[in-house]
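Each of the next two complexes has subunit A plus one other chain: subunit B in the first, subunit C in the second.
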Partner chain A sequence: MTLETLKPHFPWITLLVLVVLVGALNPSFFDPGALMLLMADIVPLFIMAMGMTFAIYIGGIDLSVQQLANVVTVVATVYLANFGIGVAVIAILIGFLFGAISGYVTTRLFVPSFVSTLAMGFVALSMAKWLSDQRALSMDATLRNDSFGWMFDTTAGFPNELIIALILLALAWFLQTRTTFGRSLKAVGAGELAAVASGLNVDKVKIIAFAISGAFAAIAGLMFSVKLSGGDANLANGFLLLAIVAVLVGGTPLTGGVGGVVNTAIGTLIVMVIRAAMVYLEVDATQQQMVFGIVLIAAIALTIDRSKLRGIVK
Partner chain B sequence: MYELQQIDKHFPGVHALKSIDFKIGRGEIVGLVGENGAGKSTLMKVIYGAYQPDGGTVSIDGTTVRFQNPRQAMDHGIGMVFQEQSLITNLTVAENIFLGFEQQFVRWGVIDWKALTAAARAQLAKVKLDIDPSIVTAQLSFAQRQLVELAKVLTLEERVDGDLVILLDEPTSVLAREEVELLFQLVRDLTSRASFIFVSHRMDEVLELSDRIYVMKDGEVVDVVAQADAQVETIQHKMVGRDIDKEYYREQKQQDYERTNPLVSFRNVSHAGSFQDISFDLHAGEVLCLVGTEGSGREAILRTVFGLDTPTSGTVQIKGETITHFNAQSGVARGIGYVPRERKVEGIVSGMSVYENMTISQMGNYATGGILKIGEERALARAWIEKLGIKTPNEHKDCAGLSGGNQQKVVLAKWRSGGSDIILLDHPTRGLDIGAKEDVYEMVRGMCADGVGIILVADTLEEAIGLSHSIIVLKDGQFQQRFEGMPGDKPTLFDLVHHMI
Partner chain C sequence: MSSSTAALPDGPRRISRETLVKWAPLLVLVVLVLLFPLFEWLEDFRDGKDHIYLLDSRFLSIRNFARIAISASPALMVAIGVTFIILMGSIDLSMEGTVSVCAVMFALMFIGMGGTLASWAFLAIPGALVVGAVMGFINGLVHVKLKIPSFMASLAMGFVGTGFALLLTGGDRIRVEDEAFRSLLTVRWFNFPVMCYVALLGLLVAWFIQSRTTLGRNFYAVGGGEELAKASGLNVNRVRIMGFTLAGVFFAMGALLAVGRIGIAETATGNGFMFVSITAVVVGGTALWGGIGGVWNTLIGVLIVNVINNGMVVIGLPNWVQDGTLGLLVIAAVVLSTDRRSVSFVK
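Right after this comes the complex of A and B.
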């Protein structure tokens, strides 16, 4: 057992250790009902992180997700009256389109993804501000309940939110491990040059990866909007850092090629447990991002594949 | 003075250096020869401190030393003149010479450029190079840069007490004949200042310059010969370990081919900056070898056939169809397989298993509606592991963990199993040991017998001659000469070299 062979197991070991520590700190943490609520609460973040996993898996990053979620909260709130549940389709299309544009800019115009997605994020943010007139909008309660109330019901004692998350996870996992697209993603992430020399359409794979990231961010935004029954251009602020943390502590390194959506599920649970711990330890809400910033740096430093960087980091 | 005793070096799956004894005396010029993969570059890296040996001792004047990095080796007087030049082209010559060692010129916290330039001029005088040290390096010719590189290493003379050992890695590969003469004269003159280790593929040059020659094969020093006793044939024999004979390149299995319906046809094809006005036909069962020095356009032609590069003029036909859109996907779809030189980076995907690597170019054949049939992929992989004798515990093994020869077999299996009948081989035997090379040669003959057309850029000229039906010699992207190479009527090394340089 060397450090290298142990590395893939770090995420769940970390999760286990944290759960035990937090449980010791506050045994009520293990109360099934409360735990389920805690998990349901983190579903929008999980969905966003799951999408982001695709961008990071190919060695890129998607910094636009938080702003995409923001614009979707506004769109969903504004157009709920016109389209009802159909607003979900619009939301997902918006996310997909924004992601695809980021992907196109990255692959065809050779703008690194951290810049292209950052820029697209600001485009989305500005759209959200424009559309909402910089006001916090709220949904009509009956309309909301008619179209999306089911999201917050329970089925056989399980919150529907969790079930949605699990279905999306199963879908994403299937996409990643059982389809030609998923295999291409792995090839691009693990050895892009070899993928090119094997005749894969690498650009297409990357564009779709960013589009999926955008679509998942939109779903996250929609759920969050319905949950809070409203939308504004800053509603989803605070999601971005946590989503990146969830992907990286889950074990998908910035260099890509390993990890995946199941890792991100574990990573999201780690984020959840850390958040719970901070509540128990009475860490002020304003200080939480400090902790996650440091966790993020530690996670990157631990997971990154240095052999791929060839000693050059800029 | 500088001595290695029983140096061992292992890499995963490779015993790269096996108990090497090596020494060099003051003012001596020592030659180092061996085939690709014999361990020359590993040995050099141990000498200049880039690798740390696993066993054995390194000593200077009887004192044992251990270098953690090249800088420590430099502090002991060991310098390296790199084959791929290490000068930074947008810095001036003087800045390059003292890169990393500017401290000596710092006055009041800033660099005294006048002093640095004067010192650089003194270094350039050592190599008899009369240029202004404040010009930008990009303006120099290759030969001049090589000398600047040497001047840079010679700064060790002022910095270090004791003797210098300077490694010259293929210093002549880009030089013209007169420039080589000048360099050799210079090296001989400099033996009053330093000892030299000279590594080159060109046997005649090694014989001409070296006092003693170390011959390496498969990670071992198989012989040390003094200049007076050195003969090209005997050294070559020792390098290869046998006579380079017909058996080695499987010439007895070389069959004639149909000269109709070419698979690939180039008519006056040019690619700006890499090759001009190239025409050839490749037929089923033919091995067509492109021969030339580095940068002669060989690789660019391969990339154009595959579809990675788009030619600027001329007509490319694949199986009778004129190609208008060049991209790798349609190249693969037309049955072209590309075995790149950088096996670990472009050939295989490290981190993916053997079966995933084999189907990466043909996932469509193993999927319905985008959903993979992994069972069938694995069955395919098992069949080809068996067929090519790939040494791997199973088809799930990460390809990165296989030896070079087995990785190459995986790459070939990828294309052959997908039905490719035009195979482009770029240095397919680079870095492989002799047994693995012979396996590749065997596969080349096997593919020809199956009606595959092969375009080859060989690792050595002997390999090019031994394997090919036809040879095209290129120089600076221009067609020079075409040779037929049927068994019994093959061109000689001299015939080719004559047109290459």
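Right after this comes the complex of A and C.
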């Protein structure tokens, strides 16, 4: 048992230890009803993190997710009256398109993904400010309930939000492990140069990965918007840090190639438990960002594959 | 990595790609300065008003230039800080957090020690610079010692910084109302407030560091080719950590000017600096790959960004256009400054 063979098991061990610790401090944490609510609450973040997993898996990053979610909250609120549940399609298309453009700019124009996605995020912010007229908008309650009220019902005791999350997880997992695209993702993440040499259309794979990241961010934004029954250009701010944390503590390293969406599910649960612990320990909400920033540094340091950096860390 | 940059002996009349890239930022700035008055002229022409192109422009007035200089000063300091990092081929995304922490720490020290420059409170100024240096130093340590790519190390440190600033203020705004300190904005020499001259001084110091010190030369050595620099005996890690520390000091300068400008220190003081400064550096012609560019490029870049922001308001465009424009501009600038032949793949 060396450290390297143990490494893939870190995330769930961490989760288990944290759950036991929090449970010992506060036995009511295990109350199924409360736990279910806690999990339903974190669903938008989970969906965003799941999309981000694809971008990180190929060794990139997507810093536009938060802004994409923002613009979608505005789009959903503004166009709910016109399209009803159809806004979901528009939202996902917007996310997919923004992601694809980021991917195109990264692969074909050679702009590093952290710059291209940051820049596309600001284009999205422009759009959100324009559509919302820089005001906080709210949804018409009846329209919202007619189109999306079912999201907050329960099926056989399970909140529908959780079921949506599980369906998306199953879909992403299938895509990642059971399709040619998934294998190509793995090839690109494990060694881009080798993937190019073996004749794989690496650019296409990467563009699709960023597009998926955008589409998931849009779904997250849509759910968040419906949840809060409104939209504005800053509504989803604060999601970016937590989404990156969820992916990295889950065990998908910044260098890509290993991990995946199931890891991100574990990572999101870790984020949830840390949050719950902070509430219980009465750590002020203002300190959350600091705590998660430090968790992020620790998670990167533990998971990153330094052999891939070839001695040079820029 | 780098392509051949040797000037071709034949055909001196042909403008090479290098020359174009070198002068493009200045050209863009000049075009912008001529373009916005043109829009004004067109509008007045349409309305049938008398308007002599350039002479009657509201954009091309001393008063408006002072406005641009005021908004550019804090951004210039922050952008200069990150210039050193980008010259090394790394990136620093921690500025929002660092600026907030420096601003808040400055305000707390300043008020704690008397609240006016005429007392011991002036020590808060070097104090803030030290805070910036310490933040930058930690940032550099995390990046170098934990071997985390700089964009991620600094992004995470930025989050920690913003969180720390929030912890210090508890979400409150701290007012700095001392007249002597606010003279940074209120006292004007030749139509421009004092803070513009402070920023200019900062620029000259940065230029001196870049061109006349070993550290400055080392930034270029690391950015031009890290392995070569290492092989020739340079302690690259030390240069990197010193670079991040220096950047932290300039972020603190930016924080001081930002507080001087608004008179308030809060967690949100740093908001917006990340994108503006990165855009400015890249648009100014400093290559993201390192080794090319410098603080004068950054001056041009900061001016381009601020002229665009200001000019759009002058010609009556809604302010949401700015974010998107800068987003597209930064992509265009990176594309223009990238030599396709020398880049194999990009993450």
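To be clear about the criterion, the second predicted complex is superposed on the first by the 314 of 314 C-alpha atoms of A that agree within 3 Å, B and C clash if a C-alpha of one lies under 4 Å from a C-alpha of the other, contacts with A are read in each partner's own complex, and residues count from 1 in each chain.
To be clear about the criterion, a residue touches a chain if its C-beta (ideal position, glycine included) is under 8 Å from a C-beta of that chain, and two chains touch if they have at least 3 such contacts.
This structure is a prediction, so every number in the text was calculated from the model and none was measured.
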Next item on the list: Applying the touch criterion given at the start, work out whether A:199 contacts subunit B, subunit C, both or neither, answering first, second, both or neither.
Entry: first
Check: Touching A:105 in the superposition: subunit B (first), subunit C (second), both, neither?
Finding: second
Next item on the list: Determine, under the contact definition given at the top, whether A:258 touches first (subunit B), second (subunit C), both, or neither.
Entry: first
Next item on the list: Quick one: classify A:183 as touching subunit B (first), subunit C (second), both or neither.
Entry: first
Check: Which partner, once the models are overlaid, touches more of subunit A's residues, subunit C or subunit B?
Finding: C
Note to self: Contact-wise, after the overlay, does A:286 reach subunit B, subunit C, both or neither (first, second, both, neither)?
What the structure shows: second
Next item on the list: Applying the touch criterion given at the start, work out whether A:129 contacts subunit B, subunit C, both or neither, answering first, second, both or neither.
Entry: second
Next item on the list: Using the touch definition from the top, say if A:191 reaches subunit B (first), subunit C (second), both or neither.
Entry: first
Check: Touching subunit B and also subunit C: which subunit A residues?
Finding: 193, 196
Margin query: Considering only the defined contacts, which subunit B positions touch subunit A in the complex?
Written below: 306, 308, 328-329, 331-333, 338, 340, 342, 345-352, 356, 359-361, 363-364, 367, 370-372, 374, 414
Margin query: Quick check: in the complex, which residue numbers of subunit A touch subunit C?
Written below: 59-61, 105-107, 109-116, 118-123, 125-127, 129-130, 134, 192-193, 196, 202, 241, 244, 254, 284, 286-294, 296-297, 300-301, 304, 306, 309, 312-314
Margin query: Help me check something: in the complex, which residues belonging to subunit A touch subunit B?
Written below: 178-181, 183-184, 186-187, 190-191, 193-201, 257-258
Notebook entry, point to check: Which subunit C residues qualify as touching subunit A in the complex?
Noted result: 89-91, 93, 142-144, 146-153, 155-164, 166-167, 170-171, 226-227, 275, 278, 282, 288, 290, 318-328, 330-331, 334-335, 338, 340, 343-347
